[in-house]
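The same chain A turns up in both complexes below, where it pairs with chain B and then with chain C.
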Partner chain A sequence: MKRFLETGNFAITEGAILAGCRFFCGYPITPATELAEAMSKRLPQEGGVYLQAEDECGAMHVCIGASLGGMKAMTATSGPGYILYADPFGWALGCEMPLVVVNSGRVGPVSGITGAPGQGEFYLTRYPTQGGNFECITLAPNSAQEAMAMVVEAFYLAERFRMPITVLGDQLITDGFEDITVPENEDEMKEMGFRTWPRGSCAGPNFYPFSDDLDIPPVQMGSGAGGLCSDWTPTEQGYDIEEVEAHHKHAYRLIYKVRNHRDLFNHLYEKKYMDDDPDLVVVSYGTPSRVVNTAVDKARSLGMKVGALRLINLWPFPDEHFTRKTKYLTVELNWDGQLVREVQRAAPKDSEVHFLGTCGDLPTIPDLLENFEKLLKNQPLERKGWELEAW
Partner chain B sequence: MQYSSATLIDKYLRTRKIPSTACSGCGLGINHKVVVQAIDELGLVPNDIIWGTSIGCAGRQTFATWKGDGFAGTHGRVYAIARGLRIALPPEKKIICTVGDGDAFGIGLMHLIHSARSNCDMTVIVNDNLGYQSTGGQFGFTTPQGAKTDSSPYGMFEHNLMSEGMDVMHILKGAGATFLARHVAMDGQRAVESVKRAILNPGFSLVHMPYPCPTNFASRELGSRNQVNIYRWIKERAKPLEEADENTVWATGVWHDATGSRPEFSEHVWASVNKIRKTGAL
Partner chain C sequence: MKDRLEIVASGFGGQGVVRLGQVLGEAAVKEGLRVTMLKSHGTEMRGGYVRAQVVLSPNTIDSPMCENPDFFVALSSAAYNRFKDTVPESGVILFDPAFVEEIDEKLACTHRELPAKQLAMDNFGRPIFSNSIALGAMAKLLENEMDKEVILESLLEIIPKFHDKNREAFQVGYDYMS
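Presenting the complex of A and B:
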């Protein structure tokens, strides 16, 4: 193994290469630019191809094309580029093309603040395209090292589920420098818990099974066997026959191949001080969770019965963590409250669910402690200049 | 050479998809036959070609007609998908995309230009039915000036890519396309010969092929769905490049042939990657 003091972008690049990625197409955008730069340097060294597209919509379509030709492909962007993925994301979901998509969150809406961390795409990664009738898988690491691991995991899941997988980071994860360990061979990868899956190949034409089965090879163009894929309703014939029933079968597969195989990713979370039924559960993901973890340590040392739940697998939302009636507080990098809505939906009806949002900057430990204390004493939360918990 | 459609269909197309669900009198089938005939005259087989299609009349009617591999992209994006696919495919495989005018010259123009810029080996057949006909008949970006459509009830007055002194071919030539031709559907063997040259060009080729739409375009512009009228209307406005005059809308023939003038995209990319891998530099 090799150790580096490097950025998350570096870690993600090395993770992708370890997972077998040999194709990257992107478009420069802060804070994912360095990832594209690292790919442009590293991929040719590994016999892979780096391309720069005309925009993010083009970039993800180019990646889909490479995946359609049998290559493991990845693209990376930030919020303003992620919305331009909406079109190809739908195509990749519908045609069941494996692909990995990295989104490094910054402060929105629109261009917002480019060089600061944000978490405004929580719901967008669940609904990255129009039309509904699909499930998505999103993984949210909270460090450079974990970003590497989650990119490897995303390639694994992309192949097994035959779909695009989003790795949702933020500016601090991708741009921040950290101590990173990179495995150098397969044994070391196994030792670090990295798992990979080879690309299968279905030459066609009947590549759409109407079941929730995993591990069905994706269609690959080039054999001449009559492989077909399109944005229309797939059928056993390979093309649209304009039947609602056929489309229902297709949608069933897109939804339930994920819902019925959550065991492949629902172990991706971290719990701290959660074994003694804490009076307050602090829920977070990504970079804020690192401050939360420290604050919860401190709170425990001060005698506050607080626990921390960090989600890594964001979608499908892991409802199973919210069965207990207690107080929940979400700590997020946005001011409108996104994760909190999902926690409120998942928690028992009469649970108290609270929200603490910052954006562009992390919450401080004293701030968090003050709010933990207030909630434990049943006092209302106060924030400077803001409506109380308006979400 | 005389070709019967039945022979070509048996050899190259999925019989369950032919005839297509195109409207009665639609000219798309003529263009489609021109392309398949060119493929046959070149001695290619289904295994040699991956067929890409788009959205709209041209995309919907030609998708999955090809016996070999085929894909349909979202609206305007098939050129970007084809660029990624090109990298993954062996160089001897051909990519042919049958698309519409809205797809190529509207929503997909930027992707099209960048495919031309990179000289990516693909043959794009733009089946131009003079507007957005599958949505009922709105004007497009190569609709002749003054044409009455559902979204230009007073006549199409906005400048477009076929206005006086402008031509989409100039844009594509400037972007780096290495083969460009235009033929109307009734050009017959002349069109077949151009499509053959387009397919043989190891780089980005585009053939612009306006064809008659009796159902929507003709019913608004000519006031009738009479097929003969719209076929005649197009034919009267098309002339070979060397005979074109001020009344010509579609100057037909080979517009630009720079075959072999610069390396093909995927070959260039792979040669560069291999060199970097071996030597650490370009």
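Presenting the complex of A and C:
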């Protein structure tokens, strides 16, 4: 294994290559520009192809083409580019093409603040396109090393589920440096828990069976398969049609192939001090979870019965972690509160669910401790006007 | 080595703030330590605000934030004023008087002056070597934590040009702090 100091962008690039990615098409944007740069350097060395498109919408369409041609493909961007994926994301979901999409969150909306972290696309990664009638899978690492692992995992899931998978990071993960260990062969990949899945090619006769089955290889153009890639409803035989019953069957597959196989990714979470029924559960994902971990250690040493739940698999939302009636606090990199809404929905009725948001910078440990203490003493969180949205 | 060592460097783009953090981080990796380094910056490549936050530890690092830096390298007045109050009593602020004209005498921490820009002009006639001078100074301040030669080796790896002069500049900074 190799070990060095590098950025998350570099770690993601190496992870993609380890997973078999040989095609990248994107459009540079802070804080994912260095990812495109690293891909442009590394892919040709591995016999792969790097392309820069005219914009993000074009980039993801090109990636769909590469995937239809049998390549494992990836694109990467930040929030302002992720929203431009809306059209091709629908195509990739509807045509069931494996792809990996990386979003490095910065401060929004619109251009916002480029070189600072944000978590404004929590819901957008669940609903990245129009029309509904689909499920999405989102993985959110909290370090450069884990970003590498989650990109490898995303390629694995993309192949098995035949769909685009989002890896949701933030500026601190992609732009930040960290000591990174890169496996150099398959044995070392296994040792690090990395799993891969080869690209298959659907040979028919049924190209789009009306079932929730996994591991049906995707349609591959030019491989003798007769299936189609269309924005209309596919029939079982691979033709397209515009008809409600057929579309219902199609949507069933898009929804339930994910919902019925959550066991493939719902182990992706981390719990800390959660075995003694804590009085307060702090819920977070991405980089804020690292500050939360340190704060919770400190809180325990001060006698506060606080636990930490870090989500890695964000979508489909893991409701199973919220069965206990207790106090919850979400710590997020946004000021409007996004994760908190989902925790409110999943938690038992009448659970107290609170929100603490920062954006552009991480919360501080004293701030977290102060809020833990207040919640444990049943005191309201201090409202600081524009600084804290009331929940 | 204490469980957690925090180093903040801040100034404006083009001064080598990120490079400085990167060299120290790379040296720490070579020493077998765990490392995180956050960088925050504006859109501009040069002239904008830049901050690097480096955390070193023999163990896994949770929070990558430097809330109480052991060392703060201040390369602009704005950076100095923004972060000086985060430095604890045991901490050290290393500042270049070419950029930080006035220091806060009320602070409990130690101030160490390093006229890196002036030393670079006097020795090499170019301000570009002030970063290697600052790294030499940091190598002296960190001598209980890291091997000076490993920091120098990392510097020469990360900055591939002018090896002789960078080596010399590193020594100038080291000697100035000695």
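Quick notes
We adopt the following convention: the second predicted complex is superposed on the first by the 378 of 391 C-alpha atoms of A that agree within 3 Å, B and C clash if a C-alpha of one lies under 4 Å from a C-alpha of the other, contacts with A are read in each partner's own complex, and residues count from 1 in each chain.
Note that in this section a residue touches a chain if its C-beta (ideal position, glycine included) is under 8 Å from a C-beta of that chain, and two chains touch if they have at least 3 such contacts.
Everything numeric here is computed off the predicted structure, so don't read it as measured data.
Once the two complexes are overlaid through chain A, chain B and chain C fit side by side, free of any clash as defined at the top of the document. By the touch criterion defined above, A:Pro209 reaches neither chain B nor chain C.
By the touch criterion defined above, A:Leu172 reaches chain C but does not reach chain B. When the shared chain is aligned, chain C comes close enough to touch A:Gly115, but chain B does not.
When both complexes are overlaid on chain A, the residue A:Gly131 reaches neither chain B nor chain C.
Taking the Cα centre of chain A as vertex, the centres of chain B and chain C in the superposed model span 110°, given to the nearest 10.
Residue contacts after overlaying the shared chain place A:Pro348 against neither chain B nor chain C.
When the two complexes are overlaid on their common chain A, residue A:Pro28 makes contact with neither chain B nor chain C. Once the two complexes are laid over each other on the shared chain, residue contacts for A:Thr364 go to chain C alone; chain B is not touched.
Of the two partners chain B and chain C, more chain A residues are in touch with B.
Shared-chain residue A:Phe4: touches chain C; no touch with chain B.
Superposition on chain A leaves chain B and chain C with their closest Cα atoms 19 Å from each other. Those residues of chain C whose C-beta lies close enough to touch chain A in the complex are 21-22, 25-26, 28-29, 33-43, 61-65, 67. For chain A in complex with chain C, the residues that touch the partner chain are 3-5, 30, 114-116, 143, 171-172, 175-179, 287, 290-291, 293-295, 297, 361-362, 364-366.
Of all residues in chain B, those touching chain A in their complex are 16-17, 45-48, 50, 53, 55, 60, 63-64, 67-74, 77, 80-90, 93, 110-111, 113-114, 269-270, 272-274, 276-277, 280.
The touching residues of chain A, counted against chain B in their complex, run 23, 25, 43-49, 51, 53-55, 57-59, 61-71, 73, 87-88, 90-91, 95, 204, 221-232, 237-239.
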